[in-house]
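As written, the chain order gives the labels A, B, C and D, with residue 1 at the start of each chain.
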C-alpha cells in the first residue's frame, strides 16, 4: 500500500470521529466508564496487597533463651543468626523489656503483671525479622535445636492465618479482576458494535464501489484504537486524581485507619497506566475489527 | 462482453421471481437501455452484474469471466472496473461531493496529483463545480444523482451501469448527461442504462431491452418499449 | 389558500440563496406544477410549506394561518392536514408497506376498522396490493415511490405536496398516478407537484410555476417551462 | 388517547426490538454488564456490613469484682444487671476460669502463667453482652460506680477502632456505590443514546408525517423500560447464581475464612432484586426519554 493510502486512512478516521461526534464521545465515555470501574478495583487490589505485605513485614520470631544460658552459647547463637541468609535483622530483648512490653500489650492485666516486677519470670529473647513470611516456619525448625534456645514463638496460628488470608485475598481479587476485565470488555465491544452498526450503510457503499475489506477496516481499526486510548487516558487521569484526593482526605485521620497505610500512588499508577492504555488500544482495535466483520459481507 | 445464460432470481422468503430465465448477450462497446414497468426487474438485473446479488440459477459472464465464480476477495477488484450509478445514489454521507468522487480513485491508489486534476474535471462535466464541498444531504436530488454519475465515470471503467440516472433531472440536464454517456460510449466503453424516460430512449435510438414481470419481452433497436 | 410573501431561504453556512424573494398565491382546489432545473429550489419550496424548514425572511400563509408563527407543539397537527410525497420517499424501514400507510392513520387515531378498509384500497389505487407485507428495502424504486404516494393521500388531506412523484415510474404507471391525483384534485384538494417530466406537464395543461436559481421565472398555464 | 393507540405502542416497540435485534441485545448486555458490576459491589458491601455486625455481636464488657465483695453486694449487682435494658445476657467468671482463658489466649506466656495457679491473683468477673456496640460505653459509666465493682474492661481501644472502622467501611462503600451507580447509569444511558441516534432518521420521518412528540416518545420509553428490566433481571440471576456458587466453593474451607461467615443470600438477594429492577426500569425509561429529545426537533 502506498504511503498516501495511510494518509487517507488517518484523514478519514479523524473526519469520521468529528462527523459522528456524538457516537465518538459515547464510545470514549464507555471506555472511560468501564476502565474507571476496573481502576477502582485495581486500586483496591493493590491496597490489599500493600496491607498484607506490611503485615508480613511486621511478623517476627521470638527465640526465648534458656534461663541458664552461658556466654559462649550466647556468642555461638549470635554468630549463627548473623550468618543466616533468611534473617533480615534481629534484636536482643532483656527480661525487663519483655515485662514492659507485656504489660503495655495486655492493658487489662496491667495490675496483675505489676506484681511480677520483683521476681521477673520472663526469659530473655532474640527478636528476629525475616526476609519473607514463608521463611518463618523453616527458621523455627532450624533454630529450635540450637544450644541455649529454650523455645521459639512466632504466633503460629497468626502466621498461618495471614498466609492463608493472603492467598485468599489474591485469588479473590484476581477473580474479581478477571470478571471485571471481561465485563468492561463486553461494554466497550458492545458500544463499538452499535456505532459500527449505525454506519453499516456507509460500509456497504464502500464495498460496492470496489473498496477491499482491508481498505474499509483499517480506518475503523485506527478510529477504534484512538477512541480506546483516549478513553483509557481519561480513565487513568480520573483514577489518579480521585486516588490522590482520597489519600488527601484520609491523611491525618490515622485513628480511622488503625495503623494501616495506603499503597503510594507512585507505585500504583504507572502499572495501571500501562495496563489501561494497552487495554484501550487493543480493545478498541480488536473490537472494531470484530464488529465490522459481518457488515463486510456485501 | 456480458452474457447471461438462463438467469433466474428469487429473493429469499418471497416466492416471486424477480427475474426469470434471462438470456442476454451484450457486446463490447454497446449502449443498451433496459426499460420496463416499475418492479419489472431492472435494478435486480443491474445488481446481479455488480455482484451485489447472486443469481438463483444461471451463469453470468462479464469480460469472459464467470462472475458467479469469482472468489470473495477478488470481488472488489472486479467492481473497480465497473462504473455504477445506483437508483438511490448511495453517496457516503460523511464525505463531501469532492471526497465522494475522490474516494473511488483513492481505493485504486491513484496518485494525489491525478486525483486533484480528475475530480474537478468530472464535477465540471456534471455541472457541480460549485457544490464540491457540500455534503450529500446538503444537495438537491438531482445534484446527488449527478455526483453519483461523476463517481461512476471517474475511473474510466470498461462498463458503466446506470440505474435511472436521470430520474431526478430536468430534461435539459438529462440531455447533457446523455451526451456525456454517449461520448464515453463512443470511446469504447459499454453502457447499460435502466430508465423510464421515454423521450431519452426515443431520442438516442439505441438497443432497447424491455422487461416485464422479470422476463424479456422485447429486444430491439428503437424507441421506448414499442408495444405500448 | 397558500400565500408566500417575499420569501427568501439561505441554508446556514452557505451564502447562496436557495430561494429568493418568492411571491406566490395558490387558491384552494388548484393543481400547480413546479418545474425548474436541478437545484432550482423546488424541494426547498416544498419543505418550507411543510415547515421542515423555516424561511430566512418572508411570510408563508397556508389556509389563512401564518405558518411561520405556528407553535412547536401545534406543528404535528398542521402537518396532518397535508399529504406529502418526499423526493427521497422517507418510508419507515422497520414497518411494512401496509404499516407505513396505516401509521399515518394511527397517529390521527383513526379506528382500526377504518384503517383495515382504507389501507388496502389505497394500495390498490397505486397498484401495490401484492406488496402489502414487504419492507421498504425489499421494494423497487418505483414501488417505494408509490407507497409514499399512498401514504400521502390516505388521510384525505386538503393539500397534497408531491416532490417528483413519478421520477422512478414508467410512463404508464406515471399516467395512472397523475389520473389519481387529478381525481383527488377534482374533489377539491389542492395539489402542488414538483416534476421534471415534460410529457406529464404538457399533457395535464395545468398552472406551471417555473423556478430558476431560486427565482420564479414564469407562472402560467401550459407546457413545461415554455421558454426552453 | 385511545386504547388502540396503546396497542400500537406495544406492537411497535416489540417489532422494533425484533427488527433492531442487534442493538436491542447490545442494550440489554450493557444494562446487564453495568448492573453485574454494581451487584458485585453490593454483595461485597452487604458482606462487610455482615462481618462488622458479627464482630459487634462478639463484643463484651468485663466487670471485675472487688476481691472482698459481699454476698449482698453480689446479689444487688445481679439484680441490677437483670433489670438493665441494654444488657442482652451476662455470665459469671470465676478466678480459675479467668486464668484458664488467659493462658489459652496468651499461648506465648503459657509457661509463665502456670506459676500463678496456686495463688491466683485474677479477680472474679461478670461478662456482659449488650444489645448494641453503642451501648457499651454508656454501660461502662453506669456500672463502674456500683458497689462491689472493682474496674470494668471492654477493650476500649478495640471497640473504638471497630466503631470507627464500621463508619469508615460504611462511608467508603456508600461512596463506591454512588460512584458505580453513576458510572453504570452513564454506560446504560450512552448505549441508549447511540441506539436512538442510529434511528434518528425514522424519528424525523414520523415527525414529518404528523406524529406528536409523545406519540414518538412513548414506544421508545416502553422499549427502553423493557430492555432495562430485561437486563436487570438477567443481572439479578447472574449475581444470584454466582453468589451461591461462590458460597458453595467456600463452604468447608473454614480455615481460609478465619471464622468469618458470609451474608446469607436470602437476606441479600431480595434487596438487590428490587433495587436492580427499579433501576433498570427507571434508567431505561428516563434514558430513552432524554436520548430522544434532540431528535424531535424537526
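Note that in this section contacts are C-beta pairs under 8 Å (C-beta built on N, C-alpha and C of every residue); 3 or more make two chains touch, one makes a residue touch a chain.
Just so you know, these numbers come straight off a predicted model, no measurement behind them.
A.B. asks: Centre to centre, using CA atoms, which chain is the farthest one from chain D?
C.D. replies: Result for the farthest chain: B.
A.B. asks: So the centre of each chain is just the mean of its C-alpha atoms; given that, what is the distance between chain A and chain B in Å?
C.D. replies: Chain centres of chain A and chain B, defined by C-alpha means, are spaced 62 Å apart.
A.B. asks: I'd like the Å distance between the centres of chain B and chain D, where a centre is the mean of that chain's Cα atoms.
C.D. replies: Computed from C-alpha means, the inter-chain centre distance equals 67 Å.
A.B. asks: Starting from the mean Cα coordinates of chain B and chain C, work out the distance between those two points in Å.
C.D. replies: Measuring from centre to centre gives 28 Å for this pair.
A.B. asks: Make each chain a node and each touching pair an edge, then name the shape: line, ring, star, complete, other.
C.D. replies: ring
A.B. asks: Among the chains present, which pairs are found to touch?
C.D. replies: Pairs of chains that touch one another: A-B, A-D, B-C, C-D.
A.B. asks: Can you list the residues on chain B that touch chain C in the complex?
C.D. replies: 11, 14, 35-40, 42-43, 87-88, 134, 138-143, 145-146, 163-164, 167-174, 196, 198-199, 224, 228
A.B. asks: For chain A, which residues count as touching chain B in their complex?
C.D. replies: 1-2, 4-5, 8, 15-16, 19-20, 202, 205-213, 215, 298
A.B. asks: Tell me, which parts of chain A touch chain D in their complex?
C.D. replies: It is residues 22-23, 26, 29-30, 33-34, 36-37, 40, 62, 102, 106-109, 112, 115, 121-122, 153, 155, 161, 164-165, 167-168, 176, 179-180, 183-184, 186-187, 190-191, 193-195, 197-198, 255-258 of chain A that touch chain D.
A.B. asks: With touch defined as at the start, can you tell me which chain C residues reach chain D in the complex?
C.D. replies: 50, 52, 73, 75-77, 79-80, 82, 84, 86, 90-95, 103-104, 106-109, 111-112, 151
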